[in-house]
Structure formats: structure tokens, C-alpha cells
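Pasting the structures here.
Shared between the two complexes below is subunit A, which has subunit B as its partner in the first and subunit C in the second.
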Partner chain A sequence: MAPKLDKSLIGSEFDHTEFPPVTAEHIREYAAAALETNPRHLTANDAELVAPPTYVVSLRGRHFMPANLQTVLNIGRRGFDAGKDIECGVPVRVGDALTATSTVHDIYEKTGRSGSMVFVVLRTKITNQRGESVAVIDQKMMLR
Partner chain B sequence: MTNPTAFEDVDVGDELPPIHLTLTPEQVKRYAEAANMPGGRFMSDELAKAEGLPGQIVPGNFSLALFSRLITDWSPRAKVMRLSATFRGLVHPEQPLTASGVVTEKHSSDQGEFIECDLVIESDAGDRLVTGTATVRLPPQE
Partner chain C sequence: MILDLHTHSEASEDSRAPVETYLKWLQRKRAEVPIDGLVLTEHRQWDPHADYRALEDKYEFLILRGAEVETDYGHVLVYGVNKDITRHFDFTNVRLSAQELIPAVTDMGGIALPCHPGRPTVGLCAHYDGKPPIEGVIAVEALNGGSRRGENERVQELIDRYGYKTFGGSDSHLVSFIGICATEFDRDIRSIDDLVTELREGVYRPVDFRANLAKRAAS
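On to the complex of A and B.
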């Protein structure tokens, strides 16, 4: 019988990163690279410029996942991005000082045609300098 | 109604105007750099193959960004409240893609007026490479 999946990491925080203030240049470059067409993200003046909803994915913390995740779950290093969910809060504007805190939100197992797969949901909460929620991002990783 | 400006303009079953595009390898690399995703798999065929992939791939985040654009091209006044995507297959540059969507639900509460959409990115062979949903807020007529 397969060993029971160790879910002890659920709830653990593995990254907390404070980012330098958001620049107009980065909002415009992200929006252009993402093929956005809305002038609010591209050509508005700095005071009116807002980042597209998916801009928050560019905020990469120091740790992508807990360092001991694969050891605890007893799984290999092969994994891929299975899905993502972004709950959008207040828009990101030029000069915002954003903070991201990441935790393990869920761990579960699914058995498919090609065997057993472990899914890990990593939740990143991003807030601005006023403590307002900018985004909650759930990243679902499939590991085997 | 092609470009709704108010909640009343939208009906369940309305289709979002599709986006047809073929991403170039340079566009994929530029997105990955702007999104701080330095993985070789997003940079070139050569680096992707070194990671065991068949070739350069499009980051899932880029697909999410295309979903976001699909919404705002449809209704520039719409505010995206939630975006979800399931990555079902690899998306490659130089592959003809169609992003499309349909309105599945409308609902109002004391929080405002909301529209639910189903979204998909398909290959020209009809493979559903990325599926998703969006919750969009569109204010009522003034």
C-alpha cells in the first residue's frame, strides 16, 4: 500500500518578499510584452497608468516553493504548472510598494491513467503599502 | 453587442470577439523577461530541448494575459475580478492560436454587477490547450 501523503506543510509560509516601488517603465513593458491594447496600461500618463491584472505574476519572491517540499512529499523533481487563479484586488499603480507572502495552501493526490500525481497549491497574497489586497494568486503545481 | 459598456448590454450566451494570433519566439522571450520568468524553456528551442521539452514553450502566465486582453478588448470598461486557467497542453510559438470566450452567467449583489465567462485557447487543430474562467465587473447604465 502506498504511503499516506504527508500534508504537514499545508499552511506553512515559505516566502515573504518586499519589492522595490513599481515603475512606469515596468508596467508599460509588461503590458506591451503581454500584447495588451488598452491605453490605461500603455500610454496613460504616470498618474493614470494602471498595471494589467496579470502584472502581479511578474513579482517573483526569493523562493518559488518550500525548499523541503519534495523531500517531505517523497516525490521527484519533475513538475509543471497545472493552473493558476488570480483574484484581483485594487489595481497596481506607479510607485506602489508591494509585498508578497507565499504559503502552501493545499496538497492532494489524484490518480489518473498515467499513475498517481501530487498537486500542490501555492498561495501568494500581494498587498500594497496601504495594506490593501492587490491580488491573491493560487498556483497549482503537478508533481510526480 | 460587440463592445458592451454596461451590465445591461450583456446577455448570457454572448460571445467575446476571438483573438487569432501566432506568437513569435521573440514575443514569447520578451514576455518571459518582462514577467521575470527566466527559465530556459521560455527563451529558445535549444534551451527548452535541454530541459527535455520538444521546443520553446509559452508561459502559462502569457495565456492568462491573453484571457485578460480578451475581456478588455471586448469591453474596455470591464474590470477583471478573477481569472482562472487550467493548462492542459503545451503552447508553442509559431503555432496558430485562437482565444475565445462566452458569457455563462450574470449576477448582481450588494457588491455590484458581475459577469461570468468561460474562456479557451485552442490550436488550429481544435485542441483545447488552455481553458479558463473569468469574473468581470461591469457597472450598470448611469
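On to the complex of A and C.
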């Protein structure tokens, strides 16, 4: 019988990244790449410009997952992106200084046509310089 | 009485379907999908506090609850979940013993039935190829709305050989899949106890509404 899944990493923080202030150029570039048409995201003046809600997924922390994840879970390197949920908070505006903190939110196993799979949910909380919640992103990864 | 015995709502990690949206959809599709209610069978979990009575009253559909658990013989639907069952079995364990689970659930007042038996790895047929049959199986989900080509057909040999009763479920994870396959009972069902009794002793059969939906879509 396979050993019970080690869930000791749940709750552990593996990344904390402070990003440089958001620029109007970056918001407009992201909006154009995402095929946005709303002028709020593209042509508004800098003071009125608002990033599209999914802008937050363009932010990259230093570590995508804990360095010891595969060792602790005793799994291989094969896997895929199993989707993400984004809970949006206050809008991102020009000049905002964003901070992202990532933790292991959940680890669970399931079985399917192709066998057993381990799912890891990586939760990233993004806040602005006022401590307001900008977004909570739950990134699911399937690994085996 | 027609019930969809295998459904997942947003409480399951791989579904995005709110229960109320299922009910709104069923109201709109009564002609094509004439079911009277559904059983929520969320993956690997049982929430003793979930309460859908307000939605039942609002939309006039019966809403019952069960669970889909994972065993060494594939996935199994458990109806009539109670404290005894959840105390004995950890629903998050994906390696539950089916030989232990199925008779024990019956002893504890519920019923546990293998679902999508024709599916590779997580269906009964694949396991019966190399392991002894499970004691106490009463019925199998012969019609599963999420099955791929050939998977439902594979179940007939199992039914012929072991004499299992058959039922159907949509295995819906998306709103528009609710009720596409279901189970027709000869007697009325008003509660989970009624459902357990009927699944054990009653007369029922799988029903498939996919042709109705396809015909409507084509017209």
C-alpha cells in the first residue's frame, strides 16, 4: 500500500516578493496583450488608469513552489497546471507598490483514469502599500 | 420518480457548478430533462452542516446528499451517510478498502454502489479482471454521463455475470450536464432514507436524456 501523503508543508510560506511600483506602461501593455477594449485599462490618463482584474497573474515571485515540495511529497517532476482561482480585491492603479506572499494552501490526492495524482494548491495573497487585499490567487498544480 | 444520483457542485474541487444554477437550468429544461431531483455526491467529503432545504422549496426539486469516495476497486457512491460511517471511514483516503466499505456501509444503514464501472483504473471492471468480486454489491452505475465511448458498454458483461441492479447518473461537473443521465424509480422518494431503501429493495433503471437535448438543440 502506498504511504500516506505527507501534508506537513500545508501552511508553509515559500515566497515573499515586493514588486517595484506599477507603471502605466505595464498596465497598458498587459491590457493590450489580454485584448482588453475597455478604455479604463488602455487610454485613460494615468490617474484614472486601472489594471484589468487578471493583471495580478502577470506578477512573478522569486519561487513558484517550495524547493523541497517534490522531496517531501515523494513525487516526480511530471505535472501540469490544473487551473487557478482569483478572488479580486481593490483595483491596481499606477504607482501601487504590490507585495505577494505565497504559501502552500492545500495538498490532496485523487484517482482518475490515468491513476493517482497529487494536487498542490499554492495560495498567493497580493496586497498594496495600504495593506489592502488586491487579490488572492489559488494556483492548482497536478504532480505525479 | 426520476433522480440524478451522481452530481458534483462547486463544493467539489473540480466543479464550478453552483447548486442553485443547476436548479435554474433544470427549470428551463423540464421538457428535455424531466427529473424530479438530484443527489449531490461531492468528491471525498461529507459536510454534515450542508442544508439545501431553502433551495428545494424555492425550485421544487428534491435535493439529497451522498458522497463519492475512492477505493482499491475504483470510485464508489455512498448514500445515507451518517456519523457511524464517517467515524469508520476517512473519505479523504483515496485507498479505502472496497471489500470493507461496501458491506460496512450497509450494516451502518446506508448503501455504497460502484460508479462508472467501465472506466479504466477507477472502475470496477478493471479491478474484477484481477481481483475477487466484492461482497455485498447491490447495483452499479451502468449509465454514467461522463463516460467515454465504450466505457458504459463495457459494464453489460459485469451485470450479466453478477446480476447487479443498474442505475444512472450524470456525473455532472458543469451546469449543462445536470440530469443528462438519471435513474427512474417505480416508487416515490422523499428522503435519503427512502432512497437507501429503494436502492436496496426497489425497482429502478437508468434513463438517458441526451437524445432529447440533442433533438432540441437541432430543432
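Note that the second predicted complex is superposed on the first by the 144 of 144 C-alpha atoms of A that agree within 3 Å, B and C clash if a C-alpha of one lies under 4 Å from a C-alpha of the other, contacts with A are read in each partner's own complex, and residues count from 1 in each chain.
As a convention for this text, a residue touches a chain if its C-beta (ideal position, glycine included) is under 8 Å from a C-beta of that chain, and two chains touch if they have at least 3 such contacts.
What you see is a predicted model; the values in this text were computed from it and never measured.
Chemist: Quick one: subunit B and subunit C on subunit A, clash or fit?
Modeler: fit
Chemist: Of the two partner chains, subunit B (first) and subunit C (second), which one does A:Ala24 touch, if any: first, second, both, or neither?
Modeler: neither
Chemist: Of the two partners subunit B and subunit C, which one touches more residues belonging to subunit A?
Modeler: Ranking subunit B and subunit C by residues of subunit A touched puts B first.
Chemist: With the two complexes superposed on chain A, say which partner A:Ser116 touches: subunit B (first), subunit C (second), both, or neither.
Modeler: In the superposition, A:Ser116 contacts subunit C only.
Chemist: Which partner does A:Tyr108 contact after superposing on A: first (subunit B), second (subunit C), both, neither?
Modeler: second
Chemist: Report, please, how wide the angle is at the C-alpha centre of subunit A between subunit B and subunit C, in steps of 10 degrees.
Modeler: That angle rounds to 60 degrees.
Chemist: With the two structures laid over each other on chain A, which partner does A:Val90 touch: subunit B (first), subunit C (second), both, or neither?
Modeler: In the superposed model, A:Val90 contacts neither subunit B nor subunit C.
Chemist: Look at A:Val50 in the shared chain and tell me whether it touches subunit B only, subunit C only, both, or neither; answer first, second, both or neither.
Modeler: So A:Val50 meets neither subunit B nor subunit C here.
Chemist: For A:Val72, select first, second, both or neither according to whether it touches subunit B, subunit C, the two together, or no partner.
Modeler: Neither: A:Val72 stays clear of subunit B and subunit C.
Chemist: Which partner chains sit in contact with A:Thr37 here, subunit B, subunit C, both or neither? Use first/second/both/neither.
Modeler: In the superposed model, A:Thr37 contacts subunit B only, not subunit C.
Chemist: Touch check for A:Ile10: first (subunit B), second (subunit C), both, or neither?
Modeler: It touches nothing on subunit B or subunit C.
Chemist: How many Å separate the nearest C-alpha atoms of subunit B and subunit C in the overlaid structures?
Modeler: In this superposition, no C-alpha atom of subunit B lies closer than 5 Å to one of subunit C.
Chemist: Determine where on subunit A the residues touched by subunit B overlap those touched by subunit C, and list them.
Modeler: none
Chemist: Could you please specify the touching residues of subunit C with respect to subunit A in the complex?
Modeler: 13, 43-44, 70, 75, 92, 94-95, 119-122
Chemist: Taking the touch rule as given, give the residues of subunit A at its contact with subunit B in the complex, in rising order.
Modeler: Residues in contact with subunit B: 26, 29-30, 32-38, 52-54, 57-60, 80-88.
Chemist: Could you please specify the touching residues of subunit B with respect to subunit A in the complex?
Modeler: My answer: residues 21, 27, 30-31, 33-37, 60-62, 64-66, 68-69, 72-73, 76, 79-87.
Chemist: Spell out the residues on subunit A that touch subunit C in their complex, using ranges where they run on.
Modeler: My answer: residues 1-2, 108-116, 119, 140.
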